[in-house]
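Attaching a single structure in structure tokens format; questions to follow.
Chains here go by letter, A, B, C, D and E, matching the order in which they are written, and residues are numbered from 1 within each.
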Amino acid sequence: MNKNLKEQVLRSSGVNVLKCMRCGKCSGTCPSYDEMEYHPHQFVYMVERGDIETLMNSKSIYKCLTCFACVDRCPRNVEPAKVVEAVRLAAIRQQGNNHINPNQIPGMLDDDMPQQAIVTAFRKYIK
Amino acid sequence: MQVNENKEFQPLIVAFCCNWCSYAGADLAGTNRLNYPDNIKIIRVPCSCRVNPMFILRAFQRGADGVILCGCHPGDCHYTSGNYFTRRRMTLLFSMLDFLGIERDRTRVEWVSAAEGAKFAATMNEFTEAVKKLGPNRRLEDLRCRKQ
Amino acid sequence: MQEAMINKAKQLLADGVVDRVIGWKRGEFAYDITPAVFTSAEELDESFVYDDFTAANVSKYLVKESRKDGKVLAFLKPCDTYSFNQLVKEHRVVRENVYIVGIPGGPKLDAEKIKAKGITGILSVKNENYTLKIETVYGEESMPFYEAVLDKCASCKSKKHVIYDELMGEEGDVLDSNRFDMVEKLENMTAQERYDFWREQLSKCIRCNACRNVCPACTCEKCVFDNPDSGIENKAPADSFEENMFHIIRAFHVAGRCTDCGECSRVCPQNIPLHLLNRKFIKDINAFYGEYQAGEDAVSRAPLNEYKQNDCEANIVHERGVE
Amino acid sequence: MQRIGVFVCHCGTNIAATVDVKAVAEALGREPGVIVSQDYQYMCSESGQNLVKNAIKEHKLTGVVVCSCSPRMHENTFRNAAASAGLNPYLVEIANIREQCSWIHKDIASATEKAIILGKAAVAKVHLNAPLTAGESPVVKRALVIGGGIAGIQTALDIAEAGFDVDIVEKKPTIGGKMAQIDKTFPTLDCAACILTPKMVEASQNEHITIHSYSEVADVKGFVGNFTVTIKKKARFVDETKCTGCGLCTEKCPMKKVPNEFNMGFDNRSAIYIPFAQAVPKVATIDPNNCMMMKTGKCGVCSKVCSAGAIDYKQEDRLIEQQYGAIVVATGFEPIKLDKYDEFAYNQCPDVVTSLELERLMNAAGPNGGTLLRPSDKTHPHKIVFVQCVGSRCDDSKGKPYCSKICCMYTAKHAMLIREKYPDTEVYVFYIDVRTPGKNFDEFYRRAVEQYNVHYIKGMVGKVTPRSDGKIDVQASDLLANEQLHIDADMVVLAAAIEPDKTARPLATMLTTQMDTNDFFTEAHPKLRPVESATAGIFLSGACQGPKDIPETVAQASAAAAKAIVLLVKNSITCNPCVAHSDELMCNGCSSCEKVCPYGAITYIDKEFKMPDRTIAVRRVASVNPAVCQGCGACTVACPSGAMDLNGFSNSQIIAEVDAICK
Amino acid sequence: MLKISLDKLDKLFEAISATKTLYIPTDREDGAAEYRKYESGMKLSSALNTVRSAKDFFFPQTENLVDFKMDGKNIEVIDVREESEDFVIFGVRACDARSFTILDKVFLAEPVDSYYKNRRDHGTVVAMACTRPAETCFCGTFGIDAAAPEGDAACYSDGESLFIEAHNEKGQQFIDSIASLLKDGDTSKLEEVRAKTREILKKLPLAKLTTDNFGGDKLNEYFNSDKWGELSESCLGCGTCTFVCPTCQCYDIKDFNTGHGIKRFRCWDSCMYSDFTKMAHGNPRLTQLERFRQRFMHKLVYFPANNNGEFGCVGCGRCLAKCPISMNIVKVMKALEVK
């Protein structure tokens, strides 16, 4: 379990997952429920447990419509959609899964490679 | 108090404690034999809201190096609202002392319940250390009162 | 304005609405104006004055005046109305016995600032298009109007009258003032620098009590500093501690009640910027407990007589800014 | 000149092991004013106390300092000892050299030094102690109960039983409150009306009880033992003394289209009405907003048919003033408004109802005569969904932060009653937690599940959508099955949170009692004084203090009654002498002290004074009621002129202590 | 007359301060002038006068008289008096220079105030003639010539040089101590300057104010005057006028408990204060009117009555400039005067 990841998700979402009272109203209201492997209330709970990697590797993060129904309905103002968004961001930012590693770039250079492509690669994959 | 090269500076600290929570908390610290420095001298008041800024200035005038005010936790005041007034008064007073360049660590407000003997002792230990670091109160003392 | 005010006063006297008028009386020079009570048209014609030097806030006189029989006409500048309203709130004036005519305020001039330019032997001061033409025994002098404006007027907070029976001239607005700039500057200094600043200032204090006695918020029947039973009575700053204590307690006693009229600094014979202490409290109150302007109304609770359960803790002082 | 005696206690070795008690006694003996200074094994023992008593007599002491354990321990012991020797008990001070010295320090030299300083502070203080006498204040032997629900009724009955007169003020035309609207009670399932109405009748017939129905408290003055309350008796346009409650007027009244609030608006009543059959007092009331006579001056039917001649269209609100010794607040609760919760479609769909509405729908005296029918089409519902925690346990921005406490149980009751009466009905309960602490409560809930096959599903309903076919789509998650459900329900019942009655807040202001942020009255101590408010003489009964079910409400009502009786049996109350007092010559009348007084102990009077400048002036000055003041001292600091001071902890006393400590 | 070039003032001050403590009026940061102990580099103020008068040197605002020490129940009395060091006050204006004569009449008359005398004996007053009097000046009213000040020694400036002359032995000693810096000078230009100053003095707005109708014999005329009510009603009761006044000499004696002893000290009092002359029986002047009247009656009637016609005011004008509400002795004299 990656503690830093949890902190990152908590920080970037601004959500206090400990406010959740596990009522499941978020999942009860979610229009994307059946599409998702992990449901909004599970996101909140799994982030609380620190199990971020599982979520990052799940397609669920791309199934959330960001309709914010859960945010609107949550009696405790936990804002599950923001948690989902934060996990999605963590996945995007993750470096280990980069398509390109900066060390590989010199070897990939040839005269036909436009400079713009290199800049883009750095911008996209290196944080 | 004189700073003596051979002896560590021993600050004089006045603690105003409300009768219902903090004074009882201090008693509990005693009952549990929790040590805190003898620099602390407690004055019992019915409620922290009884403490007039005048008393705090008076203590500094007479040679106190630190003043700490203890009361019930907000919401637990025996008189329901006293400590809320205390909080506002002391916030403003401390801010003013700070504004005049008086070291801000010489003053403090802490909420200590009757059950928090350990917190009382810890707070007093910590506060005494903080005041020790500052050294003797020079900016708000009355030279006439300094001990020869 | 002066003419119109005299006429208004005469009319109200003639109509029996009031039986006396509190205003300002001409002095020996251009600037030495004294608050005074006028009871007849003749007196008004003879010496009533309202000009660039009538800075004195007459609200405090109404504590006494309003308790006398009959009704008194008071001409109040915008800043004076805040003081008056605060006195109404604290039941210190009898509102029914005062007929308030709101008049346009400053900026008013500070004779000390003219003298500070080395101009002396002043015989008369005239404002010509915001240039002061000053006739002296040593010849004609001149200086820009704004360089002679009182500090309290230079950081005016409001041109609005918050209480009146009648208004002369146009009503103004609450202004965005820069009045907290100096407080902020001090806050950004180190504790040592602040200490040195205030030591320099407060060591000048001669405990004449002018700041206290002019203050419209200081209307205690007996001040704690005059009361031997209070434990803090004193008459002279015998030690630097007493200089500090007097000014801390003075400011604390008016915290949440001070309308920032600036009279304390105006009257200080030693030019101590006492208003900074009051403004520090006002700034803190605004920051900690929400914007509050004393005297703005006559009903709201003073910030120190009120609380919220989620008020900030006193350690906010310890946690912020530079040490 | 003071003659002070100092008594240093060894407390066995508790003090003497770390503090050189002889040195302390000797050092304090040298203090100005101290004429005798002794040490003893156990000061609190009888012989120790005798030592103090004898010294008081022998040396004619004017003050006593005991250096011993905490004053919280034995201050009273030594005060009593002093009193028995003829010294005013408030001339005794304790220096705490055990808990705050010997028990926390190890070094004998420094502990002794500190003990001496603490002793000196006590000596410095006692120099300035003044003899104090506790005042007495008479008690009016009459109680006021505000609110005529089950809480108020029970409290009034108990107080009356003890032989005291008691008045009930109820804002509705009848007493009975929410319980009168309830069908059955948990966990016994007996009929609410059957157990409530006898109590209502008992109250009306008790010679000690006066019921002011259709009345409100308009003003409260005074203090414990001596409140003066102004009660506004709203005009009901019917002479209570003449009306027999025959009901003919209500039958003949041509205006019959007024929504009946007693039945939660499911049916109608007439403009002149008696809320329900067992109302107490059983007196008609004209609703002036709907009465044709009141609105247009044309009609007057009720007046014509009333053989008692009780109708009085000209009746006006009446103010009556009464003295009371004690006041019990029993203002009860209301279900919250559900406007904020669109997802439950409460405002769109008539078949989404609250639990209180369901009570009326199921009640034999209700709109359908006890048959459960859908409000929309009056058909029998076959699938009913209950939603728990609607508006309870929410973030402050979304609803009430607290648990409404009663919903779990009444929902189980409803579910059970429906399954019992209509076994063909499927009942679903969506819950977050089922909270059933209480005697026979969990058993009750288990019966609903096991015996009545109520479907309890853990998970919250996310959305309720009325469908065009008359069904209601309930979308919810089943957290245990980890699936999202859609139920096509016929009815949805919402367990709305409960909140204090709207009248409670202004009432609290009048009573100068404290409320929490949710407008529930705050008890004097959450554990030890749960039925008293912090304001002396004001007691709390029922749900005005927090959500409660009926048995708990009744228990608290009786407890509040007991506390009120304890007050009323006294002829007078002994006051705490350590109270604030104002120096009238210095008082500015600025009202600062009044603003910070939590007890409303400070009032202002206009008083004539001979002023220092030889004039006579009428000045507004503060006056502290010593019977109400509890001695916190907030006013002493709020007072800018220092006119306000506190007995026992005066400015000069505290300053003397500071000085002695900082010497 | 002996003179020194004005650009050599530094040298003069260095020379004086080498042997005695020297006080000169110097400009504060806020522009106002005050007396400070001379330190190298300090510049003489160009202001007409200091905010506080020079009386502090002989009659300081607070002064310890005696200490008491308590040991248990015993009290020990400790004399804290110290012999004053020799000092020079330089640049005292004519009005302040005269004020010492008035203070002397109070403190050096029997019984002699030894605390005052101690300081007076050790202090040398070097006065400085005025060249630019202000509109608030009215020293002429009391027979003071601003161009010819009193004092132990006096200085005059002609714009280029400073001329110094002694008025008594103490002044002569002072001049002797700095003789090496001085040389004889031509006073013709100085006379011109003084004549010009006297012309200006005549043109001042208050030049015509006289004491002709005041004095020790006027008690009945003025004590019950109906003007006092009107004059005093604006008075705030602060002590500004009395504390900036060079001649106000009332003081209060107080004890301060330091925790380990008592300090008995005296401090300036003000007749404007509500507890002025409060005694065991109470206060003889209960209203502001009476206290206000006291101040002016003292200066204009009582003082001359007891001191051969000498008035208790020197016309320095400080109260005119500093009173918060601009009520002052000039206004009182003009309002009160019965011709």
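Just so we're on the same page, a residue touches a chain if its C-beta (ideal position, glycine included) is under 8 Å from a C-beta of that chain, and two chains touch if they have at least 3 such contacts.
Everything numeric here is computed off the predicted structure, so don't read it as measured data.
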Shared interface partners, meaning chains that touch chain B and chain C: D, E
Third chains touching both chain D and chain C: B, E
Taking each chain's C-alpha mean as its centre, the one farthest from chain E: A
Comparison of C-E and B-E (more C-beta pairs in contact): C-E
Measuring centre to centre with CA averages, how many angstrom lie between chain B and chain D? 35
Computed distance of Cα centres, chain B from chain A, in Å: 49
Chain A and chain E have mean C-alpha positions lying a whole-number Å distance apart equal to 82
In whole angstrom, the CA-centroid distance of chain A from chain C equals 60
Would you mind listing the residues of chain A that make contact with two or more other chains? none
So chain D residues touching two or more other chains come to 596, 638, 651, 655, 659, 662-663
Among chain B residues, those touching two or more other chains are 53-54, 58, 62-63, 81, 85, 89, 142, 144-145
Which of the chains are touching one another, listed as pairs? A-D, B-C, B-D, B-E, C-D, C-E, D-E
Within the complex, which stretch of chain D touches chain E? 30-32, 612-614, 659, 662-663
State the interface residues of chain A toward chain D in the complex, per the touch definition above. 19, 21-30, 33-34, 39, 41-42, 69, 73-77
Chain C residues within the chain E interface of the complex: 27-29, 31-37, 56, 61, 111-112, 115-116, 120-123, 136-138, 200, 204, 206-210, 212-214, 222, 226, 234-238, 263, 266-267, 269-271
Looking at the complex, which residues from chain D come into contact with chain A? 343, 389, 393-395, 397-399, 430, 432, 458-463, 475-477, 479, 482, 484
Residue numbers on chain B that touch chain E, as the complex places them: 62-63, 142, 144-145, 147-148
